[in-house]
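Heads up: the structure comes next, in structure tokens.
The first chain written gets the first letter, and so on, giving A, B and C; residue counts start at 1 in each chain.
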Amino acid sequence: MALEQTAELSLTHSEPQVQNRLSMVVFSGDMDRLMAAFIIATGAAASGMEVTMFFTFWGLQAIKKRTSTGRSLFGRMLSVFLKDITGVGPSKMNFGGLGRWMFKKMMKAHNVTPLPELRKLAAELGVRMLACQMSMEVMEIRREDLIDEVQDVVGVATFLEEASRSKITLFI
Amino acid sequence: MALEQTAELSLTHSEPQVQNRLSMVVFSGDMDRLMAAFIIATGAAASGMEVTMFFTFWGLQAIKKRTSTGRSLFGRMLSVFLKDITGVGPSKMNFGGLGRWMFKKMMKAHNVTPLPELRKLAAELGVRMLACQMSMEVMEIRREDLIDEVQDVVGVATFLEEASRSKITLFI
Amino acid sequence: MALEQTAELSLTHSEPQVQNRLSMVVFSGDMDRLMAAFIIATGAAASGMEVTMFFTFWGLQAIKKRTSTGRSLFGRMLSVFLKDITGVGPSKMNFGGLGRWMFKKMMKAHNVTPLPELRKLAAELGVRMLACQMSMEVMEIRREDLIDEVQDVVGVATFLEEASRSKITLFI
């Protein structure tokens, strides 16, 4: 599959120029890392940068609807553990959900925009949200399991093309 | 808050040139990731690069004094778990502090500069250490809870400006 | 050691140009993050980019032979926990090895190239695999403990030189 995906890639025959552009791989599905990802993405977009977020593996939780996924036994087992953006917990001190609740409280107390609103803001600011085809297949998540704001389901080649002409590329 | 912070951003009206510069977001507070961050930062600074470290979320532990923090109940609860740079443990195999002790022993046995000295070296080499305002507010960490070497408390806009004119940008 | 390593660095007296090049620090030894690293690396190499992977800390497991390592007591204790590329588990839901087995099954069911084959493909596509000298010393891993495909054992300076002339740099 890695090879098939690269077939669509065409980095060499063009000369992509570095543009006022930021791209990121959102690999993590932790609440705190997703906060960082969306704060950077919305901050960059608000300042006029072109921003692309490429969601892969656990990061798919950030763009998933609150629905069950999976066809096979394993896929349905995995689905039990996958959350949507309102359900993800922090990478440290989750304590079975207590930490998630506590961080939400603390963010609210200090007027920090919560994750679902940050994602909405990102869409409004024109941040491109792309989903990784291969991880969707492995995790048995279909296009219709993702929110409508997701613009496309793509392979690694698309990410590489974006990143090649970006000033800033992050793996989160 | 994300929107307020971007108000100070001015990426579009100037044309920042890529310079001999490295910037990093230090999101993690794990001993091993902090080692990697400071080794890259001091290595780059020693070679003549301009280096900026932007500490956020758990990464704030790397620039925190060994004091209690927090005003609210949640803030004081969180403070119990926050360490300073001498107390952080590795991301794997901590075993309740045993791993931290073991890694320190192994690094000492192989003459690797320990974290507190690496941080001191970074300051001496002119590495700019910046703290993320928003995470400080959420975690109820005040400026006076941070070490004096921290040059400024800034928003995401400052990071984006630095990163836009950097050759290398890392999210650690 | 950080200082010694930077002595070999020579970023300032030359003017490295940005080239069609991707470099990454592979810090993590988690199965899922290694999948992402090798998929990006092989995708980029297949499209004509020059790719360098710099393996450090837990990432060394991806290029380790299936042998015991360590000389000191601590080194041999650590060795018990270090895996090779066939033994690493996912960052989430490992459940004592069950998750690893399940993800392998799911990847196989969806025709995703497994990690050992991805690494082989990377070598065939000319991806440069470098090992971090300092982490090898701390973890007591010798050159002969690493697979033959590893081209060199290097310091942070080599990584910085590569990254300085890369379009894309990732920390995974």
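Here is the rule we use: a residue touches a chain if its C-beta (ideal position, glycine included) is under 8 Å from a C-beta of that chain, and two chains touch if they have at least 3 such contacts.
What you see is a predicted model; the values in this text were computed from it and never measured.
When the CA atoms of chain B are superposed on chain C, the rotation angle comes to 120 degrees (nearest 5). Comparing the contact residues of chain A and chain C by number shows a mostly separate set, under half of all numbers used being common to the two copies.
A separation of 24 Å divides the Cα centre of chain A from that of chain C.
Of all residues in chain C, those that touch two or more other chains are 18, 169-171. Partner chain A is touched in their complex by these residues of chain C: 18, 20, 22, 24, 32-33, 35-36, 38-40, 42-44, 46-49, 91-93, 102-103, 105-107, 109-113, 118, 121, 167-172.
Of all the residues in chain C, the ones that touch chain B in their complex are 1-3, 5-6, 9-12, 18, 25, 27, 29, 56-58, 72, 74-75, 77-78, 81, 134, 137-140, 155-157, 159-160, 163-164, 166, 169-171.
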